[in-house]
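Shared chain: chain A. Partners: chain B in the first complex, chain C in the second.
Right after this comes the complex of A and B.
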């Protein structure tokens, strides 16, 4: 019997574990190690963050789902990997620390034949003074990164609405809280949901809403922007985004590295080297992501963390980490199999794999501060990669060690993104976008880097309905209900 | 005021002066249920193609 250990139960890890359990059957063991008791459909946290959904609608208990799937579930966080075993055993193992009530703080070594690192990110609030400490959100801003954060954000938003109803203007500042953030899309969605809710509450005219982000142009979204075919033109996402911001009366600050947050004020540095500050009554700033801090040790106990993980804490995979300057970047730099180059039984997927470089062109201020989005690896790509990795490992277990690996390069993969602006079925709208491929390939698609037949975007009710359907569909799939394997990632 | 409401947010030589802004017809179509049902079908088909090319 082979044992596959999956670290992390988010979109990527959950997809990998559930497909592996289905394909391997009861002859082999799948173990999921995740510190969370609940699964969270993170895209819908946006609606929780404006009070339109409850935490219970976007989360569910993992234990019964894993019991149904025959997956061994350990509510714990991974601390370290020993891919060569230790002095008493050649068997690789992962050391985990339990987080569940009653066992919290106790550790266990779990041996494995194969391991998938799908831990997701550490929400690195501590990278910006005042934004938080370590992975904990601070007191001056709110977040929608977790369901609990989103519940808190909704409460704070409601306080602002009540203040505006009493006749006092409020300033809203939404965006990224550091020069090296990703997930601009989530902040983009949140700012327009807030705008929608303020309209609904009849207080929009009392609100000054401003966007702040590390993008060098509005609509970069961490993917270097995109061109969408509209009315016969290939239109830049810059025009698309600026149009939406203008229509909704939202100002913007771009190319910004938020370097300090204090009560009611964010300090920032811009790409031109100048500094500024922005006051706010309500602010949601996405933190930068980092690896979760897993360590790795060789058989003799020596620290090999730098061999297994990139400096940012994400696991090295089959990417080209020596691409160098932007001018040298190729679509082929991006990983295909997500196998660790040193230990062939280790894989990484979702946010946990180390990308070869950003997708957006790297930029820095004259003061040397890097200010550019880091590459998104969430949502659809995350699920597709998780499934491909699970497929590779299952083939190795069932067909033999030499079975070919499955590939899922982000340079050959598209993504569908729906950013809602309001939740009502007939008064909410959404920006529905697809992008193909996620990583631009300027050799294959000279000019825009993407296939504009499959890269498009539009605003309307249709996208909004799709967002609603996706919410229910993906929770259905994650709960492994009837037909779950037919629902694409 | 003779100007169009949809264009009121544009400020001369500010950062939003160079973008496009939707007129009343474009905005109406966004929430026109019949038109959006058609777009719903088209967008879903396009998304399915992208999904199938990605697996």
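Right after this comes the complex of A and C.
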């Protein structure tokens, strides 16, 4: 009987664990270690953040779902890996610390045959002074990264709406809280949902809404922008985004590294080396991501964290981490199997794997501050990668150690993104975008590196309906209800 | 080498606008061509896009006659708004009023891939904004107000779509049909409310008859919308398949409203 341990129960980890449990059956064991008691459909947090959904609508209890699937569930956070075992045993194990009430603080060593690291990111609020401490949100801004953060954000937004109703203007600043952030898409959705809600509340004319981000042009989204083909040539998403921002009366600051946040004020450095500050009454700034801080130890107890993990804390996989400068980047730098190069029974998926380099053009200010989006790993690629990794491990267990690994390179997969720009059955809008491949392949597609025949973008009501349907569809899938395997990632 | 400047109605570029990654002889030769083309045509500047190259390269002729080479330029920060009358080599002899930023900050790379920044205002600011737009696949047509764009399009022999096709637009001609349908529904609703204050059966019968006629017009408007919208949508290849969803959604919403009003009217307005 083999044991697969999955660290993390987010989109990628949950997909990997549930498919592995289905494919392996009861002959083998799947263990999920996640510090959270609830599963959260993170894309819908932006609707919680504007008071249009409750926390309960975007979360559900994991324990009954895992019980139904025959998965052993441990509500705990992983602390360290011993891929070679320790001095008394050759069996690899992971050390976890329980977070559930009653067992909180106690630790356990869980032995494994295979392990998937799908821990997701640490929300590194502490990287920007004033944005927070460590992974905890500070007091000056709000966040929509977790369901609880989003509930808090909705409460603060409501206070601002009430202030505006009393005749006092309010300034909104939404975007990224550091020069090395990803997830511009979530901030993009949030700013337009706020704009939509302020309109509904009749106070739009009392609000100054501003976007701040580390993108070097509006519409970069961490993927170097999209190019939509028309009339035989391609127009950048910059033009699309600028039209939308102008149409909705939203101003923008780009190429910005927010370096300090105070009460009602954000300080930033721009790509041209200049400094500025922006006042706000309400601000949602996405924090940068880092690895969750897992340690790794060799059999003799020596620290091998640097061997297993990249400096940013994400796990090394079969990527080319020595690609060097921008002009040398290739699609083949990106991982295909997500297997750790040192320990073949360790895999990483979702946000937890270390990407070889950004997708957007790397840039820095004359002061040497790097200011460019880091690569996004949204729900669709995370789910696909999680499923591919689970498939590889199940094949190894069921067909033998030499079974070929399944591949899911982001340079070979497309992604569809539906970005909400306002919730409402009849007046909602969302931008539906497709991109292929996610990581540009400059050899295969000279120019933009992408196949523009498969790159589309449109904004409208149908996009909102799709977004809403996807919300229910993915929660249905995650709860493993009838037909869940038929719903794509 | 002096290159041919692509002019209306030829679509402005062969392929895609993209950042320069490798700084080599090809790029230096492209920059030299841009300079010679600027000199030969007495222009103030050119984007590589305008001579059929997909690289993000802009060359500006400065007042002292020297050239400013900008590779991978980005418009970083802006200040103030001004409206200027602009011309472009792509539309010879034509001009339009465009709203631009008065002061801008731009970052760019030189031939050695070194990053620089510059601040510009007035004419230089406008020129740079126009050229940087080209590097992202757009011309000043995208920046025109609705009225100015309509005025400008009348000057174009083959229309604007030949020259600069839209990114999937947020406004379509079909929206006029939606507007008409909404006006008709509003009238129907108004008659419904008004009937609550009328007891004369003959007047009610007249109102019901007019409601029936208006509802038929609304129904036909929706049918026309459904087919015309799809015909119009075919012209925008950048629009996703969501477009058909939007069309169906709009028709379903409109017909639901129409049905509700007519069902209520059947009981409240119709005296029969």
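Quick note on the criterion: the second predicted complex is superposed on the first by the 485 of 489 C-alpha atoms of A that agree within 3 Å, B and C clash if a C-alpha of one lies under 4 Å from a C-alpha of the other, contacts with A are read in each partner's own complex, and residues count from 1 in each chain.
Criterion: a residue touches a chain if its C-beta (ideal position, glycine included) is under 8 Å from a C-beta of that chain, and two chains touch if they have at least 3 such contacts.
Given the structure is predicted, the values throughout are model-derived calculations rather than measurements.
After alignment on the shared chain A, the placement of chain B and chain C results in a clash. Applying the stated contact rule after C-alpha superposition, one finds that A:414 touches chain B and leaves chain C untouched.
Applying the stated contact rule after C-alpha superposition, one finds that A:243 touches each of chain B and chain C.
In the superposition on chain A, contact of A:227 is made with chain C only, not with chain B. In the superposed pair of complexes, A:465 makes contact with chain B and with chain C alike. By the touch criterion defined above, A:217 reaches chain C but does not reach chain B. Looking at the shared chain after the overlay, A:206 reaches neither chain B nor chain C.
By the touch criterion defined above, A:454 reaches chain B but does not reach chain C. Judged by the touch definition given at the top, the superposed model places A:488 against chain B, while chain C stays out of reach. In the superposed model, A:432 makes contact with both chain B and chain C. A simple residue count on chain A separates chain B from chain C, and the partner touching more is C. Overlaying the two complexes on chain A leaves one chain C stretch of 63-71, 153-161 or 243-251 clashing with chain B, which is 243-251. Note: residues 239, 243, 247, 426, 432, 434, 456, 458-463, 465-466 of chain A belong to the chain B contact set and to the chain C contact set alike, using the contact criterion stated above.
Residues 239, 242-243, 245-249, 251-252, 380, 384, 408, 412-416, 426-427, 429, 432, 434, 436, 454, 456, 458-463, 465-466, 488-489 of chain A are the ones touching chain B in the complex. By the touch criterion given at the top, residues 216-217, 224, 227-236, 238-240, 243-244, 247, 253-255, 270-274, 276, 326-327, 329, 361, 363-364, 366, 426, 432-434, 442, 446-449, 452, 456-463, 465-466 of chain A touch chain C in their complex. Residue ranges on chain C touching chain A, taken from their complex, read 11-19, 21-23, 54, 72, 74-77, 105-107, 115, 117, 133, 136-138, 142, 161-162, 164-168, 170, 236-246, 248-250, 253. The touching residues of chain B, when paired with chain A in their complex, are 6, 9-10, 15-16, 18-22, 29-31, 33, 35-37, 39-40, 43-44, 46-47, 49-51, 53-55.
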